[in-house]
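Pasting the structures in now, so scroll down.
You will see two complexes here that share chain A, one where it goes with chain B and one where it goes with chain C.
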Partner chain A sequence: MLSLGEDIKEDIVHTLINVRYELRKHFRRKRILIAVVLALIIPILFYIIPKVRNVSFASTSVAFMANSLGFINILIIISAAMFAGDAVSGEFETRTALLSLSTPQRRSSIFIGKYIASLLAVFAIIAFYFAICGVEVLGVYGLGGMPEATGKSFLLCLLYGTAAVSMTFFYSSVLKGVMSSTLLSFFTFLMILPIVSALLQVANVEPWFIVTYSAGLMTNVFVQEPAFSGGGGHNMGPSAFTQSTPNFTVGVEVMAAYAIIMFIIAMAIAVRKDVE
Partner chain B sequence: MDMTTTKISIMIALAMVLLLSIPLSTVTNAQGPGGLPDVKVKNMTFSNDNPDENDLITITALVWNNGSKNLTGLTVTFSYDGTNITTVKNISVAANSTTTVPITWKAIKWTHTMAAVVGTEKAVFPKSVMSKTLKVNANPIGDPWTILGALVAVVITIVIAVAFPAILSSMKKKKMK
Partner chain C sequence: MDDIAIETRNLKKQYSQGVLALKDLSIKIKRGQCVGYLGPNGSGKTTTIKILTNLLKPTSGQAFINDIDVNQFPKEALRGVGSLVEVPGIYEFLTSHEMLAYFGKIRKMSSADIDRRIKEVLTLVKLSEWEHKKIGSFSTGMLRRLAIAQALLHDPEILIMDEPVIGLDPKGMKDVRDIIKKMLQEKKTIFLSSHLLNEVAETCNDVILLDKGVVVSSDSVAHLTGSTLGSKIDVTFLRPLTEEQCKTLSNLDMVEDVEPLGDQIRIIYDGKPETSSKILSKIVGLGVDVVSFTPQKVSLEDVYVSVMGDERGVR
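Up next, the complex of A and B:
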């Protein structure tokens, strides 16, 4: 009989084995390759198109970085759906979850292993995207051109990525089909939550509790002056912009809350899910 | 046209002149084109030309009286992007001289058109306006430690989740014993 310490140690070892196995699976299924290609193409387009069209780059590196990172939100959502969409539902749809009954591992170890592997994959894609953007900034604006807020934006992207992965795991645990869990996760982040957020704003209610609203911080940390401000007379720019900007601390707390709560609920459901 | 009609016309004309002069009645010795005093904001300076959001900056308007007579009871209205900041009242400017009118403003982020205009308590002199652009740097949003704290909280949750089933199982075994 194992002591508590040995039991925990064994669970950690099992979790790490699952992480390694899941990462290998992502590589084998070319998911990482697809995500890497996307992470390469999106920022490169922001560099190539102005060059081809002979249009000057943004006047500041901050504006350039903020523009380039405008699509990282979508990349995070795609990555989360791709790496986590089938994590739990896939095992039940193909009935491979039956195999877990005969292994000495706990279901929680398998679940956490899959979760960590998905997180690592999403983090790697985010890091790659930032690396490409960083190289572009250095190429266009020189060594001193790197905006100070880049680090903050990177950390916020990691946090949002965690929230997206947790939410996708939640859908994957609740639903039985891979397609439904992946699509629902994708549409939740890309359509449902942004629409709810927009409707609340129309009703003059700040949607601070919606994670996609908090995700605006990923580029807002660059504190770019809105394009529609300035000039003479009354300008609606600054005030309108300020009202629709999420509060930093609240935004971070909301993203962390989604990540933690969804992870716990997803794990509780996945561990108890019956294999039919 | 008889004499009575002529007299009435003159009286109406005089009354109209008097009525028109009422808004400027507080300004003594009106002069300049159109009956308005030849006074304007000649320059506007900021204590800090590159302020950060929420900085208190002093905006100083240099009011110039180009006329030959002293002016009293003037006002200077300061605004940003057409929104009033404040109006400084009871300003006197001697003939052919200038006076400074300072105010303090808490800087609001983004680029603004700052303006100062001379007038009286009842009207402003549009031609006396002076405007300048001022860019107020927005304060950096947030700090990385808050985000790192949130990420650490997620990591701790995962670590607890790894250990929790083993702890639960150990407690169950103890109970059974």
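Up next, the complex of A and C:
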């Protein structure tokens, strides 16, 4: 038997091996390439279209950045679904678990390795998107044009990305099929949670506990918005849903809570899963 | 070190659908033995192997490898084990080398050892030309060979294999048989589940027969085939025996039964060489023209059918 120290060291080595192989999987399957292309095209369109149409750019770099980052939410969700959707369910669906789980390593080492690899992939896409946007801002508004809130927004995107990956891992651990876990993750973030959030606002209840509501902080940090003003009453149109903004601290806490709680639940399920 | 390499104690497994796959299964496999694990579909063979390789948790009971509880300390228990369970999926985005290197690294092999052993095992399973080819392009038989290479990579002391020759052509089956025989010569412990009784008879020392999650028989292949059923002698004559001649042979004390088959008869006896010799003398004494006199060994298949009944699956 190994000593506790050696045991932990071995677990860390196993985790790193799994990170490397999982990243290799993402590269070989060209998933990163697809996400990179999306991360490249979206901000470039925000730059090219005004040029082609001979329309002036936003008056301030803050507005330009906020507009350009309008789609980062979708990019994060697509990336999380692509990189994490099959992490656990894929091993069971393709029967590779019969090989990987019968080796002398803890299941948690495999799970954490896959989780870190998915996070790194999602973070890389977010960083690439910000890099493109940053270059555009510098090109249009000069060296001093970079909005102060860019760093804060970037960190919030990483946090939201972590929550999205954790949630996707949860689905991947619970469900048996890759397609179902990927699609459910996608629809949860793009439809289910936003609809619940909108309905709560219509009922004049702030959906502070919904992670997609907290995700609004990613762009809201660029502009000073009023705190939640409710969506009910006379103002029932789509604009009602955009009037409210989450409290910064609460939003950060909610995203962190989703990231941590979903990660823990997903791992608890995954390590106990039988390969029937 | 203990003489027992693999052991299960009162192992019980009930699946979530309510199926009781194993009922208080207790088996022991000695170090250096090759044990065949036989039984019809659904008898619990794969469930046992999955518990031994930490793919399934038992409902109750324990499984030990080298006296280490597999489900409590899987990392330690599986360190010296090579396994092949069912038909595993293989990471198609990797090359054979990359895939085997992953398993080598997990098993803490040095880079030099990994490279050396990859070459050795790929040669052993006849895949050396495919070392740097993507697995996605492999045929079913090649995937099976690669899975076997993975099980052998770290030169394990204990090899646990579930239907290892599934998907292999006759040549591949022979190759696997040769690998197992070689490992047995090296005093490795082999636990082999199979439907192919001849494979087991040819490679294993001992056999465990399982049915409905219970061990119905456990013995050496030699003992099972030598004692469970009477042995047979096939005798061919120039002309068919008369009814009276058959009756004379049937009435001999040493003969359990006589089955006439045209110009041939099958004599069931106790299998002892001295009895066989006496029977031959009696037949010659009848004054009939004997063309051939061939004592037949009882096969493992005969034993299996006798224990399990005709209706259970045998290949």
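Convention: the second predicted complex is superposed on the first by the 255 of 276 C-alpha atoms of A that agree within 3 Å, B and C clash if a C-alpha of one lies under 4 Å from a C-alpha of the other, contacts with A are read in each partner's own complex, and residues count from 1 in each chain.
In this section, a contact is a pair of C-beta atoms (placed from the backbone, for glycine too) under 8 Å apart; a residue touches a chain by one contact, two chains touch by 3 or more.
Quick caveat, the model's predicted, so the values are computed rather than measured.
Between chain B and chain C, whom does A:Arg106 touch in the aligned arrangement: first, second, both, or neither?
The answer is both, since A:Arg106 touches chain B and chain C.
For A:Tyr21, decide between first (touching chain B), second (touching chain C), both and neither.
second
When both complexes are superposed, which of chain B and chain C contacts more residues belonging to chain A?
B
With the two complexes superposed on chain A, say which partner A:Lys51 touches: chain B (first), chain C (second), both, or neither.
The answer is neither, since A:Lys51 touches no partner chain.
Applying the touch criterion given at the start, work out whether A:Thr94 contacts chain B, chain C, both or neither, answering first, second, both or neither.
Only chain C is touched by A:Thr94; chain B is not.
Overlap the chain B and chain C contact sets on chain A and report the shared residues.
The answer is residues 1, 7, 10, 106 of chain A.
Help me check something: in the complex, which residues belonging to chain C touch chain A?
The touching residues are 15, 50, 53-57, 73-79, 81, 83, 85-91, 93-94, 98, 102-103, 105-108, 147, 150.
Report the residues of chain A in contact with chain B in the complex, numbered from low to high.
Those in contact with chain B are residues 1, 4, 7-8, 10-12, 15, 106, 108-109, 112, 115-116, 148-149, 151-152, 155-156, 158-159, 162, 217, 220-221, 223, 225-226, 229-235, 237-238, 241-242, 248-249, 252-253, 255-256, 259-260, 263-264, 267.
Report the residues of chain B in contact with chain A in the complex, numbered from low to high.
Within the complex, chain B touches chain A at residues 81-83, 108-111, 113, 131, 133, 138-144, 146-148, 150-151, 153-154, 157-158, 161-167, 169-170, 173.
Going by the contact rule set out above, which residues of chain A touch chain C in the complex?
Of all residues in chain A, those touching chain C are 1-2, 7, 10, 13-14, 17, 21, 24-25, 28-29, 94-99, 101-106, 272, 274-276.
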